[in-house]
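Structures follow.
Both complexes shown next keep chain A, but they swap its partner, so chain B is in the first and chain C is in the second.
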Partner chain A sequence: MDLTYSYFPGCTLKTKAKDLDIYTRETAAALGVTLVEIDNWQCCGGVYPLGSDEVGNKLASVRALNDAKEHGRDLVTVCSGCFHVLKCVNDDMKNVPDIRDRANRYSQFDEPYQGETKVLHYLELLRDAVGFDTIRKKAEHPLTGHRIGAYYGCLLLRPSGILEFDDPEDPSVIEDFLEAVGATPVKYQMRNECCGGYRSLEEPEFTNRLVGKIFADAKTSGCEELVTACPLCFYNLQKYNGPDKLPVRYISEVLAQALGIEAGKGVR
Partner chain B sequence: MQRIGVFVCHCGSNIAATVDVAAVAEAAKSQPGVVFATDYTYMCSENGQNLIADSIKEYGLTAVVVCSCSPRMHEATFRKVADKAGLNPYMVEIANIREQCSWVHKDTEIGTPKAISLMKTAVAKVNLNTPLQEGESKVTKRALIIGGGIAGIQTALDIADAGYKVDIVEKTPSIGGRMSQLDKTFPTLDCSSCILTPKMTEVAQHENITLYTYSEVESVSGYVGDFTVEIRRKARYVHEDICTGCGLCMTKCPSKKAKNEFNRGLNTRTAIYTPFAQAIPNVPVIDTEACIHFRTGKCGICAKNCAVQAIDYEQKDEIITEKYGAIVVATGFDLIDLKPFGEYAYNLSPDVVSSLELERILNAAGPTSGHLQRMSDHRQPKEMVFIQCVGSRCEDDRRGKPYCSKICCMYTAKQAMLIKDHYPDVNIHVFYIDVRTPGKAFDEFYRRAVEDYGVDYIKGQVGKVTPQADGTLLVHGVDMLDQKVVEINADMVVLAAAVEPNPDIRKLATMLTLSIDNNNFLNEAHPKLRPVEAATAGVFMSGVVQGPRDIPETVAQAGAAAIKVVGLLAKDKLKTNPCVAQSDELYCNGCSVCQNVCPYGAISYTEKEVRDHGVRDTRRIAQVNPALCKGCGACSVACPSGAMNLKGFSNRQIMAEVDTVLCQ
Partner chain C sequence: MTIEEANIREEVLLICGCDVTRCMKCGKCSASCPAYDEFDIKPHQFASYIARGDMYELMQSKTIWNCLGCFACVERCPRDVRPGKLIDGVRQAAVRRRGGTHLQPEDIPSRIDPDTPQQLLMSVLRRERK
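Here is the complex of A and B:
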């Protein structure tokens, strides 16, 4: 099975979330997966534009999607935000004729892009292409005894009809992943609640309140640590300094630890 | 050549607004065989019918085309008119210029030419019609009711009281259904058991009713008036005719950990059990998965203790075959699966319960002997939150249903008031989308909950229920009228889960060739005018299997289904549909294709001597049993040699219609 994928890191992974990027690349290599970074990729925009007449802000995603199509590969990203935007734009290109036509007229690809590319989150790649069983076998340094809570946030799960990632009300893929790396996953009810997103810039108090509830529920439920796949969630969780705060790591870093990849390579 | 009359109906403005009916009649006059054509406001009215009858006599018509509504609506009406006027009823054809024309087009520009085209095809077909004669079939004077809830019970009682034999087949060990699980009933707060149990007893004692509990329908064949049904009587491992119902076996049974289905899994029961104390029949069954004897070969305590030796571990399932004239489907409902509603923490906390679970908690015979308690720590709750429309009116078809479940608003008001009556210090909050209370004394009932009992109704929905460290449940919702986020620390959360038809209905619908809608509810023969009849002749429906409804509506429908059954069983003979398939033995090459496509098993093969151009030859030839054939036409389409023809819809007639459309 050819495990070569086009890779869209996204801006944050080049700046604030280097850990997420570096450990994703290294763990992928250790698991026999080749991630080929797209040439000259541009920022996905960070936020999926909801305006139905909005095309300009979607073009960067369309370029990345089309690049993967031209290479005949699936497109992998590990950032929840990029995953959300890429997948929603891809759905537009597949199902919304007006946006598809206008984006193609502007882009002038050799042949029109019509949503052919399959967008995958790194977790889906690990689950479906590599297999959690394989990870379980290769995890020579399992995180035995670590009680870890998955923090999904919103962007990875919703809108569920388009993202088709997991049950938006009772997700389990990160828990299954944690179980594969030998940890003890702890399910807590607030794991799919919003962290406040970009409102942390204008109203840090608002974000603090939301994050506080998430940490409180996680701690009550017995989590000792949280993992996430989203740089924005990570930022908001890190910013919090209330009483129930727990350590937070990226999923890729946890995977790296289990595979025995040297820690501390990235810069947070 | 026929002498054809064409009658074009206005249907008030239903047809006339988008079809120039006079132009259709005018166009008909130049069609081959047409000797008379006219239009009229309501062809189905008495005057309209007289117009057709008089014209048949006056112009010596040999065939009639009525351009009107769907044949499902009035074909029978116009055939009767022809019959009375001395014309064979099968010489009448309907051109559907309403449902298939005027209702789907906006103006006469499209409507009129299409109606003319439909008229022409009907004329082309009727030119080739031949008179057909209806046959006769017998009626077995016995009815089968599938499902022993209140719907099945009431239908059975009404039929039996009219003097006909009735069998009830019930899947579980006792009749009683969902109603037997309820505590009180709205809006009068009668005790559910108190009004149901006498009816259950009446069923058991009625000389015309035979009860097959712990039994399922295995197969159905035949047709209206003459169904043959195989019923599987599952092994109870207790002889019904010997057991005295003393209950000693249940007291002695050492296996006490089986999930109690009747109490919705809130507590456990023994391996040998009756679902509830008033069960009918009062004969236990052995749950072989829980029974120590069946698992290990040891134990046998129940058999040792049974004074009358009613217990028989060797008992086997038994198949009985019975004939019926009519079948009533009354398989009822269950609540939808609440697992996909992760936001309400139903899977996480035992204190989040479904409305039916609360019903069992409130019931004196339930798992808490009627005491309102949290299932986690048996504490009496102080704050309770009810969430309405869980899975009802839900856009997400992966976990919910698009329809309103109809009963939840009322039973929630009921449960809230019952709790307030016994525990005045409990605070009750109800999150709702709309409160729907159409029904006699229903709105008054709901208002009593709000005004007299002070139940806190909050218009809005709940986004999250989070179990807290102190054992409470943090309910996070929105009050849409106050435009505020609401957080309530509740001790118990009750989910008004959507109702859905019992999943068994899919299997049953296949057996009975019934049509079901997107939500697995049975479709009626006509949603307004034939609401208790299924599209399959001789099959009727009663209760929630057709759509969500409450007890009084179910009982009323049960009576309606019963009178339809009685009306059928009162006849000695039934007329059979003459539009059945017929095989031309000279064309048939015995290939079996028709037999393989026939959904009704109506085609068999026989060795027959035929004369073909003076040559005698013995051939294998298809034969249609007209009693079993439903006239679906599958065989006539599949037959490679054109030997199969459907009477009234022959290949020639269909081709004449097609030619007419294509040659315009």
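Here is the complex of A and C:
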């Protein structure tokens, strides 16, 4: 099976979330997956532009989606924000004729883009193309005994009708992933609650309160650390300094540890 | 409802594509909202305000800036009214009229630290300015 994919890193993975990017690339390589970064990709904008009368701020995503289509590949991203935006815009291009027509009139691709590209989160690639069984076999440094909680947040799960990622109220893909790397996944209720997102710029006290509730629930449920796939969740969780705070890591860093990869040095 | 409010309502409904007449006031949106305490007009009230055409009140509410865009209400609305999209539609109508940002660009440098992710700045700028 050809495991070559177009890859959309996104703005934050090039700067403040380099770990998420580096570990994703290195774990992919170790698992026989080729991620080809899209040429001249542009920032997806961070939040999906809900306005159905605005097309301009969806075009960066449309270009990336069309580039993957022209290469005949699925489009992979590991940032929850990029995944959410790319997938919602792709749904518009597939199902909303007005947005599709205007975006195509502006973009002038060789042939109109009509939502043909399949958008995948790295976790879906690991589950469906690589297989958690393969990861289990290759995890030579399993995280045995680590009690880890998955923090999904919002952007991976909702709206579930468009994202089709997992059950929005009782997700399990990160728990299955954690099991594959040898850890003990711990489910807690608030794993799909919002961390406060972009409000942390203006009102950090408010996001701190929300994050405090998430940590308290995770800790009470027996988690020793949390993993996430979202740089903004990661930031908001890291900035919390109240009681019950737990260490937080990216999913790809945990995978790298299990596969015996040190960042920038390949397999140890 | 003034003529201007009727125009704003039309614009908001175009932006969000929601049908407020479907709301059955079950309150599931407000019960799901992680920012409920920060809202002056609650999610379940939005459909009624829009139906009545009280657009100025909505545009001056704290709610439109405090909504997290987490999609919990959109996900759980049993009538597909999607209150989060209504709130976002009103916010966009307000931003377009002011022609600027809620959080001014000069307010931003003092609020960032060495770890602030681009995703945060991009999200704020996209949501709060035209």
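Worth a mention:
The rule is short, and it goes like this: the second predicted complex is superposed on the first by the 262 of 268 C-alpha atoms of A that agree within 3 Å, B and C clash if a C-alpha of one lies under 4 Å from a C-alpha of the other, contacts with A are read in each partner's own complex, and residues count from 1 in each chain.
In this text, contacts are C-beta pairs under 8 Å (C-beta built on N, C-alpha and C of every residue); 3 or more make two chains touch, one makes a residue touch a chain.
Computed from a predicted structure; not experimentally measured.
In the superposition on chain A, contact of A:101 is made with neither chain B nor chain C.
With both structures placed on the common chain, the touch criterion links A:17 to chain C but leaves chain B unconnected.
Within the superposed three-chain model, A:167 lies in touch with chain B and out of touch with chain C [touch as defined at top]. When the two structures are aligned on the shared chain, A:111 is found in touch with neither chain B nor chain C. Of the two partner chains placed by the overlay, neither chain B nor chain C lies in contact with A:128.
Contact with neither chain B nor chain C is seen for A:37 once the two complexes are overlaid on the shared chain.
Looking at the superposed arrangement, the partner reaching more residues of chain A, out of chain B and chain C, is C.
When the two structures are aligned on the shared chain, A:49 is found in touch with chain C, with no touch to chain B.
Of the two partner chains, chain C is the only one that A:199 touches; chain B does not reach it.
Within chain A, the residues touched by chain B in the first complex and by chain C in the second are 193. Within the complex formed with chain C, the chain A residues making contact are 10-12, 15-17, 43, 45-47, 49-53, 57, 79, 81, 154, 157-160, 168, 193-194, 196-203, 206, 210, 230-232, 234-235, 238-239.
Touching chain B in their complex are the following residues of chain A: 167, 169-170, 187, 189-190, 193, 217, 220.
On the chain B side of its complex with chain A, the touching residues are 339-343, 345, 347-348, 464-469. Residues 14-17, 34-35, 38, 65-66, 68-72, 74-75, 85, 88-89, 92, 103, 108, 111-112, 115-124, 126-127 of chain C are the ones touching chain A in the complex.
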